[in-house]
Every structure is written in structure tokens, then in C-alpha cells.
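Think of it as A, B, C, D, E and F in the order they're written, each chain with its own count starting at 1.
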Amino acid sequence: MSADHSSMKLVATLGGIAVFSGLLLSLTYEITKPMIAKNESEALEAAVFEVLPGAVTRENYLLDDVGLQKVGEGSSREANLYAGINEAGERVGFALSGEARGYADVVRVLYGYNPETQQVVGLRVLSSNETPGLGDRIEKDPAFQENFTALDASLAHEITTVKNGEKTEPWQIDGISGATVSSKAIGKALRDSTHEWVPQLHAALEGSLE
Amino acid sequence: MSAKEPETMTLETFTQGLWKDNPVFVMLLGLCPALAVTNSALNALAMGLATTFVLICSGLLVSLLRNVIPKQVRIASYIIIIATFVTMADYGIKAISLELYKALGAFIQLIVVNCIILGRAEAYASKQKPLKSMINGAGMGLGFTLALLSLGVVREILGSGTVFGMQVMPDRFQTWSVFVLPPGGFFVLACWLMLFTWIRERKSKQEAI
Amino acid sequence: MSEAVQLKTSPHLRGMHSVDKIMRHVVYALIPVSLFSVMQFGLSALALIVTSVVVCVGTEHFFCKRSGKESTVSDWSAVITGLLVALILPPGFPLWMAAFAAFVSIAVGKVFFGGLGYNVFNPALVGRAFAQAAFTVPITTWTPGMAHRRFLEFIPTTLTPPFLKPDFEAFRVWVESLKIDGYSGATPLAMMKFDHVEVDTLELFLGTLASSAGESSALLILLGGFYLAFRKMLNWKIPVAVLGSAFILSGIFYLKNPEIYPSPFFTVVSGGLMLGAVFMATDMVSSPVTPIGVWIYGILIGSLTVMIRLFGGLNEGVMYAILLGNAATPLINNLTQPRIYGAIRKRKEKAV
Amino acid sequence: MSEHFSIQHFLRGTFHQGIHPPENKHFTAEKPIERLAFPPQLVLPLSQHAGKASVALVRKGQEVVRGEPIARADGFVSVPLHAPASGVVKDICLMPSARGPMVESIVLDVYAGDPQEVLYGTEVDVDAIQSSDLMQAVQDTGLVGLGGAAFPTHVKLSVPEGCVIDTVLINGCECEPFLTTDHRLMIEQAADLVAGTRILMRAVGAKRAIIGTEDNKLDAVEAIQAVLKKDDVVSVKAVQTKYPQGAEKMLAKALVNREIPSGKFPSAVGLGVFNVATATQIGQLLPQKQGVIERVVTVTGPGIERPGNYIVPVGTPIRFILEKLGFQGSARHLIMGGPMMGGTVSSLDTPITKGCGGLLILNEHQLTTEEQMKRYPCINCGACVDACPMMLNPCELGRMAHKAQYEVMAERYHLNDCFECGSCSYVCPAAIPLVQYFRVAKSVNRTKAAAS
Amino acid sequence: MDPNSPTFIFLNAFLINNFVLAMFLGLCPFLGVSGKIKTAGNMGMAVTFVMLVSSICAFGLNVLLTRFDLEFLKLISYIAVIASAVQLVEMTVKRFSPALFRALGIFLPLITTNCAILGLALFQTAREYTFVQSLAFALGAGAGFTLALLLMAGLREKLDLADVPSVARGAALSLMIAGLLSLAFMGFAGLGG
Amino acid sequence: MTAGLLIAALFMALLGVVLGLVLAVASRKLAVEEDPRIDEVEDMLPHANCGACGFPGCRPFAEALVKGDVPPSKCTVSTAEGVASIAAFLGVEAGSAEKVVARLACAGGKNVARFKAAYQGQPSCRAAVAAGGGGKACAWGCLGLADCEVSCTFDAIHMNAQGLPVVDEEKCVACNDCVLACPLDLFSLMPVSQKLFVACKSLAEGDQALSECEVACTACGRCAADAPGLIRIENHLARVDYSKNALATRFPIERCPTGAIVWIEDQKFQKGAAAKKIIRKEPLPILSEPNP
């Protein structure tokens, strides 16, 4: 009998502590939620503005079989691409994401695409685990970033990475010497992502124009 | 064996964790975070402070509840208490800086399983008065932070030429990327340990003479 | 004359080899390879070899003296390590970095574990692996061989002041001034991996292309290997297993798709495989001793090399393959203890 | 020498691994067996064999006649001792032995000028002895294994329960460098050898016998063949010259391709293995009902002026032999037995015992150079692993012995299967005293086991 | 190779981003239980098993938590459930197979509060792995841990017989070997890319 | 917000209760009994695992203690307090054991005992014994290559300048390791109260023994003559009958002409006035034999 009694006590203590921490945590969660949301949206905004030169505000869109739909902040549906709007209120392009395997791990990028010129107009590495001093130059190297000011993404030609100093065509990416693998990963990420999204985007844009 | 509760609180209560029982260098506990996040000094500091926060808070709570919790569910209760504070630290950091949060990755959450904390709860806080546990926890936490910093600073200077993100080495300094890569973490810790052993050996040799 | 009777223990005879003799002969076997590297890359290669050997020997001497022991440099093993460190680095590698690699190879790779006979990894490769992780860019910067001014001037990166980055701009200018047709700065393996261009195997065999200082002439390496194997100073099974398994495995892929996979002949003579198989996988201290274990070890290294080359992020994997082989050595030894004389019947008996 | 590298050589049977040290048999191989003079004093340890020591039958001051039993066997695993010369018992006391400790010995003052004829013994018809009585007859001769182990031969004749011996192997390999005793015996006393072999076959009930020798002694093969009948059940076979071909396990592998299980005797696989000298002695002593009183010893080495194969009375002090044959130089490195397994003696007063077939004298003309002797740490070269005929891992064993992990050595690395042949130490370029390590390890384990 | 295929996820956790040597997870048992090859093998099996259990628990819990919008309770519920599940397994094994308990069970309490186990659960959630992917991840991580542990144990057993200088003895030696192993594992970088 | 709080609290409560119940049930259904005192007793033992208690290690000894098979004092390594605390914990008598130490039956250091051959090999007594006995003239004497010193895990044995091991009785815990280590069986464990001791094992006869070692027992019988029953001569060696230890006095050592029989007090081998005074420090030369 006493065993049962002590079991009850065990369960009660454990339950009590659990309830207490549940309460404490949901409080924490409620307090930090807006702050975190703000942080996240700021970070996203910064990235979108970086890959879409000239953009000052952002609109969230969901592109799927239905077409291009605008989603508001805090909507339950997740956006999968963003439009950048410049000071004049014009849309300067869309920010899309892509990924490919790099040297050490998957490289994730966000890039700006201008449907008018059919060009990639900016690129930012969201996450990568490439070797410091070698592969991580894809994130910071200004010469490499030069590649993405007006990279032809018209799908008439595949985006490819070529050896350092061998870029001759607008759809080629001039690689970083000594980090061929990482450079190629960026090329592949752009190539795959544009293949998937650009036709859909154009179809949706045309649809919305009609 | 039954624990005697030394009533007095000495400086030792605090400094114990700093040097004599330093969790990383002496007890070799919590090595995962100590190696994983110390590729920069800032990460090391943040990780250390987060751990200190959890140590202090859980020390307080465990000590307060020390006479309430039955023996059989001791560990389970401690884990829940610790996990609560860790989650709080986790969200706190996320709210302060997303960038820092990304750099520390899952390791903030892994503070839960950091043996230092459970060990302290079990061996110290469950037997001592709240204030004392908190002070001891703070000492341990600072010892941990200190160890992390001594790893982080070395690794960052050699591996990136910076400290806390500020350039300290000349422009043409050749950075040693190995130190910010995983093997570098092991090497730097091994070197610190060897240094300490060496100093200890020398001391004991001198004493012998 | 009043010498006392001597008490000694059997056996009272001893075989012909001694450790220092074996080591000395390995050095002899490495001399042609080293000379060839000097011929190919000139002053820089010479400086690289001298620096590395001096630092290796000096480090060993220093640590012996520090711990109050008799210096062990006379056993020649540090010289081998020094030579090999130099031979697997790019010829224009800054000397200060080479010195550091050499220091690490002896200090971390050997002394740390207790010196000769106790190291668990190949010291020379420990040095290089450390350098490869620390100085990623300089260690992947290659110089064309047989440059006409090689005996008159150093490769610009060679004389980089300590702790500073090499001046790659000067290096580029220098390479361009050599006016070598179609030189791309890539090694044959890199060309194979990233551009699927296969260099003529014969050229590789003779060694006239860009590469690390000492790995370019498969022919001379093999000669040295044959010499040592003939004198029974090297376990011939290891190079045979490494090269054989690499040949067979890459042959299989080559047959599957000759467009993108290199031919097995190319695989065997390109990059560091030959040097690694003959001189580095055979380092007895860090390789297994059991008769079967030796084959497993060799096959492990050969196939890991091919897997890394074909499917990894690196175009060369010999070094990592050997280090992993070293790491697996105790396990291999453990699993392949020879069946002792008279043991199997015991088991049969039990079964009956 | 060149015949070892002929194709025939490689077609001959052998065992796995092993080594091939320089043979150095040329010093004495061509020297016929000669008799050495009697020394003035003989020292006869009561324990010259494995097993219990004999019990003295004589008293201090008693006169004995050459061939007379002077000590009796003390139990089954023990043998009697016969007087090797006529003389008077000077004392029965502790005397130094080859192995070190002082042992109870009979000291015999030999009568100078005595003709030293064997007056003891009677002719018997060996064929008439019942095979069940053969064992006793052998024990009465005081014969022990002359191949080195000195294990009482009659004990080896008692076939253990459940075993059937079908083949007797006569071990004429003499794989130790320098030694030529067995070689000369096979050439000069082939008839006695074959006669003894037949007696041994009968004693254990075997159907055939093979005399095995190394192919550097093909003249011995011819000599034996000459005394064999056509289609004889006794045959002679040459095997590869390789050390330690003479170990019974290796010989069994080479001659009949049988492996003697670990920890077992040859009888477990239907074999009886005897040394050539043992068989020859049986052939000579049994028909005369005499005892072992002398043996053939190869005295050789760079330190001796007149090397050769000599018949020496048991109990002759080494000092006497050296005086007679001329000792050169000053360094004294005296080995009883061969250079691979023999032990050094600590005193010139040590007597020759029944089991001793060789005396090797090395002086300052060392067989090994300083460079070869320099100790290095084990470099893991695996030479020892490739040499060990028992397929052990001396490298690992040596490293463990260095850290005194003796129990692990026995439990996991078959330490007790090592028969101390010395092949591993011979090849080790680092000059690690492997065999010495293993002896110490076994000895420590034995002490520990005895204590608990 | 497709980075989302279970095979690749397995390979990644096993070799390329080895849990111990590249991700720094589970270092305490890695340094603590790598003294003998045999123990290391048993420990590796125990860890792999617990990883599977924890991966399954975490997957189920995550479904539940997302459903009720309770992600902030993720950590606390993972750790509680995993710890209890392991304790349950431990008691069952101890009761029904003392032999298995002696081989594996003694490690179980050690493993429960360990970075590698919880890390696995957290990573699989963060990377939004499907059930099959999670299993592949757990198996890969377990195999990677076992491999690293076995290699380490082999090397340490060998070094037990070496004359390691006194300053290097102990933890420094283990860490240095771990560093060199980690260096060697860098060779797997980019494998299957 | 309150809804969120409520759900969270509910979930946690459920989790806590479910887990608590599962564990509570399991711990009752699956519990395995083992005497918890074994662990505690083991903790109190010195963890030397030396085997001096006669068990293979500390844990088996702890098991035996808990069963009550042995008294705690069997552990010779434990301090008195340690033994007392175990006894108190188990509620048994501590038992009493007289201090026992290892003693060396040889006094033939290099300055008094000769070598007849030069051993060249592994510096280990056991290895030397395997090589023709080790070369000491006295076949029973200590070789001085320190196997015992190495074997003593308690740092109680140190070789002195004459190459003889000296036991530090304070540190010696009578673990028996040196007894097993010495290939010449020179050590034995003896209660400290047995103070009269024959420090020689040579069975050689008088002159022979003396020519080998200046402090050998020559079996002259003087000690025995004055202590009949306590000391007798057997096989050329004096032996003390410790069953009559109560009769022992310092007198026999005063009679011994070589100093082979000693009185052990203050950790010293005390010799009598009659014993030869040997002041030589340097080793005796190796016995050289004339060239044949």
C-alpha cells in the first residue's frame, strides 16, 4: 500500500515540476516571439535588399501550381519567393533561393532575379560550411560577387562555372581559383533553381498580366 | 555516504570552479560545446554566459526544491528544470541576435546534456542552500566561460587573425585555417592540457628539490 | 686476460639487418627521386628539401636533449621523414610553411607518441595533412616543371617571410613570364577531375609535369622500391596491394564509363599514389604486421584513394587514405592474428 | 651450399616460415668422431634429465667400475645413472650446474691409467624381449632424449590412453648452426641407428618409421639408405634446410604433414619423435644391456683450436675439454648446445651432461657486430611475425612484455605456444631480446599460477 | 548523389560529417569509453541502438508538438521522453538478458544524457527529415560514432604499449589522436558530391 | 495567450504523469535485487586491487565482507580508520592482524659477495636466472637486478648502493608481489614481532660459502648452541623456529662470526659485535678463472 502511495508522490512531483516548466516556457515563448519574428524578418529583408539592388521594401509571394499569390505577414502560408520594390514603387525583381552540394556541405543561396532582363542581379550565400580561406571566398570575395551583377539566366544557355579568368560569355561564372568545387556549387545551385522557377515565374507573370 | 553540509561560505565556494575544478581543463566535462563553438571568441563568450545562466538558475531552483523532490525522480526532475532554463536561454539568444544564434547552432540546446550542469545539480545544489549553490554555479559557469574563451581566442587569432571579429594581425598575416576547422579544436585543447601538465610537473619537480 | 665468463642468452646469432641500416637504405632509395625533383624544379626544390630535412632532424634532436635522452637522430628515420615531407609538397611552397610542416611531423607525429616505433600515424603525412588544413591555398598552388630559369632563381613564393601570406600576384607574373604553352596551373589529377582531360600516361611515368616536388617520376620511385624490396627492407605486399587494388577498382569504373573516369594506368602513375604506395604506406611503424593484415591494409588504402579521387571533393586522396589506413592498423592487426600452429585442430576437437 | 637453392630444395617438404641463419657446419662436418681422453675427475649431477632426480646408490669413498649403475631411478619419470669411468667416489655434494643452481652430484675420481673397459652388461637378444618389457629395458639404460630436452625416453614409449602411434619419426635435422653430432652419427653409425629405430617402432607399435634430415646432409641420407632393405618400413627423407626444422612440430609438418595440436604431444597425431642419437644409443645399448655413459659432442666455434666431433664421458668438466682442444683468445662466451637455443655456462667446472650435444666456444671474434647489437625500439617491421614457425605474433608479445603485461600475453597471444626457438630474436633489426622477454614472462606466469 | 536520399544522409553522418570528429557530438563517452576495443564495440552498438530509439521518439513527438503549436516544448519533451525510454530499455534488458546487459546495458545510463543522442534528435527536426531519412540519419550517426570509437580504441590500445612522454599522457593524448583522426576524416569531404 | 499557456501546462502535466507512471510501474515490475552494501563497501576499500587480502581484487573482497566471510582487517592496505569504518558500517568486529612485512633472506651486497660470471642481457633478475643462473658465485644470493623493486606497487622497495633491496616497513603492506617476483625466492612475509632472522639461504658448506660471500651462514652452529630449540642447523644453514619466538633474544647475533643472523629493529639489520666488520664499499672483483 505504502508503495502505491509513494508512487503517487513521485508522479505528482514530476507532474508538478513539469507543469511549472510548461508555464514558464510558454511565458518565455510569448515574450520572445515578437522579438524573434522581428529579427527574422529583418534578416530576410536585409538579404532580399542585398540581392536586389535598389529595393527598399519587400513583398512575399507564394508560387505554386495555382500561380503567383501574394501572402501577407503572419499568414499561415509560407512564402517561397520575395519581390523587391524600389523607392519609386516599382518591382525590381524577385529573390529566390537555391541550393547545391559544395565542398563540405550543402551551400544555400538567395539570389535576385530580374524577369525583365532575365538576369541574376545579386547573390548572397545564406549558409555554407566551406573551408575558411578557400571555399568561403564564395561569400565574401568581391571579384566573385562581380559575377552576379548581370548574369544571363535566360535558360537559352545553361549557367556554368568556368575556371578563373576564362569567362567569355554572360551566362558563365568566373570561378575562384583553388576553390573550384565551391564555385561550381554556386553555379549548380543557380542552374537548378532557375530551371525550376524561372519558367513557372514567367508563366505566372504572364498570367497575371493577362 | 551522508553529506555533511558545510555551513560556511568561503571564497572557495566561488573560485573552486574557476581553477581547481575547472570543468573543461580539469574535469574534462562539457567538451562538445567547448570544442564546437570556440572557433570564434564571441561564440565562446556567448556559450559560456548561456551556460552560466543555466547553472545559476538551475542551482537556485534545485536547491530550493531539494527537500521536496523524492529520491527516485531526482534526476528526471533536474533534467526538466535544466531543460526549462536552457530553452529560455535559447529563445533569449534568438531574440537578441539571430546571427549569434545561427553560429551557436544546436549547441545552446545541448547545454541540457552538458554533464557539468547535471553534475552540479546532483552533487552540490541538491545538498546546499540556495545562495551558496548560486554562487558556486556562477563560479563553475565562469570557469567554463574562461576555458571556452582561452580556446576561442587562440583559435580565432590563429585561424582568422581576429579577436572578437576585430583584426589584430597584420594584413599579410597568413591565417592558419586548421584552427577554425574541427581538428584545430582538438589540437588547441590538447596543447592547453599539455601546458598545464608541464607546469604542474615542473612545480612538483621544484618542490622535490 | 682475466676476463670473466660471459653470460648471455640465446640466440647467440643475429640477422644481418639493423634499424639504422634499413633506414639508411631507404634514404639511398629516395636520393634519385630527390635529385630528379631538384632537376625538375631547381633551386626551390633544393631549398625545400634542405629546409625540411634540417628541421626534422633538428626537432628530433631538440626533443631528445630536452627530455635528457640520448639523441636518436643517428637512426636516420628523421631524415626519411624530412625527405618525404619535402617531396610531397608543391615545389614553390613557402619555406617557412615547409619548416612548420616538418616540425609538426616530428613533434606531433612522432615525439608526441614516444618517438621511433611508437607513432600511430605516418609522421610525414601528419605534417602534410596539418599543412594542408592550415595553408589551404599555398598547398594547392602548383608550378610548372622544367622552367628554364629554375637554377637561377627561386619560385617567388618560396622565399615568403615567415608568418606572411605568399605573394600570389608576383607568382602569377612569374609563371606568365615563363611563357609555357597551355599551362593552366593545374596538376594532371585536377585536370582529370574537373575537366576530364587525361594526360598521357607515359609522360606521367617519366615525370615531366606539374606536381609535388617528388612524386612526378613514377619510374624512379619504382626503382627505389624494387631496390628496397629486393634487399628485404620493405614489405613488397603493401605497394602491390595498394597499386593493385587501385588499378582494379579504377579499371572497373573506367570500363563502365571511359568518358569521365580515368584509365587505370593513369590512376596508378598519377599524383602521389606511387610515392605513397612505395614509400609511405610501407612505413612499418604505422602499418600492420600480420600477413593477412598487410593485404587488407593495402587494399583499404588503394580503394579509399580511388573513391576519394573519383567521388570525393578532392582530386587526390592518397594522403588521407594512408592516414585512415594507419588509423585502422591496430584494428586490422587485432582482427587478423595469424592462426597459430596447431590451433585449428583444437577447434575441430572441440566440435567433435 | 649451392644445392639449397636448387629446384629440388624447394620441392622438399618443410614447415611455414622459419629462418635460415648461416650454417657454419664446415668446421666439423667432415671430422670423423674421435674419442677424447678421460679427465681426472667427473662430476655427475643426479638430475641430468627432466623429471625426478635419481637416487645415489654409492657412498663416499666407494669404488665403481665403468658402466656400473651408481644411481637408481626415483619413480617412472626418472632414470638411473651409470658410472662413465672406473674410479672412486670422492664426494656426493652440491656442484654447479649448467642452468645455474647448485645440484646434488656424484664426484668421481677417475683411476688414471685404467684401461677403462666396460665391464658391465650382458649380451641379450633384443628381438626376444617382449615389446611390453622394452620400456623397462630402455629405462634401465638411463637413456634420455639426446635431442636437447633430456626427457626420459622410456616415458615417451608409453603411448597415452586413446592414442595409436602409426609412425616413428627419427629426427636427424640438426638444424642448429655449427652442430654436426647427429650428422656424423648418421654417417658413421647408420646400422645402429636403423637397429635402434626398429626397436623404437616395436616399442610403440608403429608400422613405419621415417628418418628425416635436412638436405644439407645428403651424404647421411646415402649412408642410411645403404643399410636399409628394399621396401623397408624404415625410410629416410631429406627436408629443406631451415631453422628450426628439427623441432618436432616442424618435422611432423614437413615429413607427414601433420600438425601437433597446441599443448599436446606428437602421440596425439599418431607420431613418436626421437632424436638420431637417441635411436643410435638404443641400437647400441639395448643388445648389450648397458647404460648411457658417454655421448658424442661437437666442440666447435672460433674459440677452439681443434674443433671436431668427440666422444666424451658424461660428467667431463668443460675446462678439461678446453684444455685438451686448445682454447684461443680471452673472451669467454661458452655455449652448451647450439647458438640458437643453447645457454651459456657460468663456470668452466660445469660438466657435460647426457642431453648436451654441442659445445660452442665464441671468443672475441664475435658472431655479431656492435651495430647489430644496438637496441632500438620495436619498429613494427613484422620480420619476427614472418619468422616465427609457430605463427605467433612476437612483435605484439614483445611490446606487451615491455610493459609487463604477462597475463594478457598468455591469454590472448598464445605465449605458452612459444618454444623459444629464437627465430624472432634472430631476425629482429631492433635487437629486441624477444625470447628472453618470453622466458621471463612464462616464468612469472608459472610462479603466479603456482602461488594461487 | 541526391543530398536528400537516405543513402547520402547515412553517408554524411557516417563519414563526411562524422558526428564525433566533425560535429563534436558525444565527446565525453568518446574519450571515456575508448580504452579497449571490445568495450568500444559494445558501446558503439549501444549508442547506435539508443540513437534509433531517440530518433523514433523525437520524430513522433515532433509530429505531436507541431500539431499543437508547442515547438517551444521541443527540447524539454525530447529529453524527458528519450531519457525515460532508455531507462525502460535498460530495465527490460537487465531483467530479461543479464548477458546482454553486461555487454551493452551498463553503458545505457551513460549514454542517456549525452550530446550525440539529443543532438541527433534536434538536428533531424531542424533539417525536417522524413521518417525514413531520420532512420538513415540515426543509423549513419551511430555507425559513425562506432567507427570513430573503434579506431580510437585501437589506437589507444596500441599506445598503451608505447613510451608516451609524461606531458602527453592522459587526455592530451586522446585529444591529439582525435584531432589527427579528424584531420584524416577531412579526406571524406565532398564525398558523393 | 492563456490558451497557449493552458495547452502547454496540460501537455507537460500529461507528459510528467505518463512518464512518472511508466517508470514507477517499470521499476516495480522489472527491478533486479543486488545488495547495495557491496558498492558502498567497495567504495571504502583502497581500490589497490593488489590481492593481499587473498581475493582477486577489491570487489570480490567487498562481496566476501558483506557476506561476513572475512574480517575487514584482511585488507592490509587499508588504514586503521578505513578498517574501522568498514567494520562499523557492516556492524562486525574489525578483527586484528599483526603487521606483516616482506623480508629479504640475503645480505650479500656487491661489496661482500662475489660474482663468477658477467651477465650481459636484460636487466632483470628473472632473465639473468634463465641465463645460466645469473653469474653470482652464491647460487642462492640476490642478483640485485631489482625485479622486486619494480614489482612493488607500493614503492616499499628500493635498491641500496650495494645492489640489495631494502624494504621500507612503513610502506610495505604485505601484498606478496615481491615474494612472487623474486626468482630466487628470497622474500618472505613475516610478522614484525619476529626479530631474529637468518639473512642467508646458502646451503653451501662453510669454506665454500665464505669464499662466495663474506657474510654467508657457514653453519658453524654457535648461534644454535646458545639457543637450543630456537635455532637449529639444517642442511648447512641456521634456521629459527618461530613457534618459539618468545624465547628470541639478541644473544645469537652476538655469537655469529659472519653476521648472517641479524636482529631486525628500526628497520635495520642489526649485527652483533662478533660479526666481521666490513667497511669496504666498492664491489668485489668478478671471480676470474685461470685460462685453460
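Throughout what follows, a contact is a pair of C-beta atoms (placed from the backbone, for glycine too) under 8 Å apart; a residue touches a chain by one contact, two chains touch by 3 or more.
Because the structure is a prediction, the values reported are computed rather than measured.
The chain with its Cα centre farthest from the Cα centre of subunit E is D. For the interfaces B-F and A-B, the C-beta contact count is higher for A-B. Among the remaining chains, D is positioned farthest from subunit B, on the basis of C-alpha centroids. Here the spacing of subunit D and subunit F, counted between their Cα centres, is 40 Å.
With each centre defined as the average position of its C-alpha atoms, the distance from subunit C to subunit F rounds to 52 Å. Separating the centre of subunit C from that of subunit E, both taken as means of CA atoms, is a distance of 33 Å. Distance from the subunit C centre to the subunit D centre is 49 Å, each centre being the mean of its Cα atoms. The multi-chain contact residues of subunit C, meaning those touching 2 or more other chains, are 1, 3-9, 114-115, 117-118, 130, 133, 136, 313. Residue positions of subunit F touching 2 or more other chains: 4, 8, 11-12, 15-16, 19-20, 23-24, 27, 116-117, 121-122, 127, 130-135, 289, 291. The set of subunit A residues that touch two or more partner chains comprises 10, 13-14, 17-18, 21-22, 25-26, 28-29, 103-104, 131, 133-134, 181. Every pair of chains that touch is listed here: A-B, A-C, A-E, A-F, B-C, B-E, B-F, C-D, C-E, C-F, D-E, D-F, E-F.
Across the complex, subunit A is touched by residues 3, 16-17, 72-73, 76, 80, 189-190, 193 of subunit E.
Across the interface of their complex, subunit A is touched by residues 136-137, 140-141, 184-185, 190, 194, 313 of subunit C. Residue ranges of subunit C in contact with subunit B, taken from their complex: 97, 130, 133-136, 138, 163-166.
Here subunit F touches subunit A in the complex through residues 1, 4-5, 8-13, 15-17, 19-21, 23-24, 28, going by the rule given at the top. Within the complex formed with subunit C, the residues of subunit A that make contact are 103-104, 131, 133-134, 163, 177-178, 180-181.
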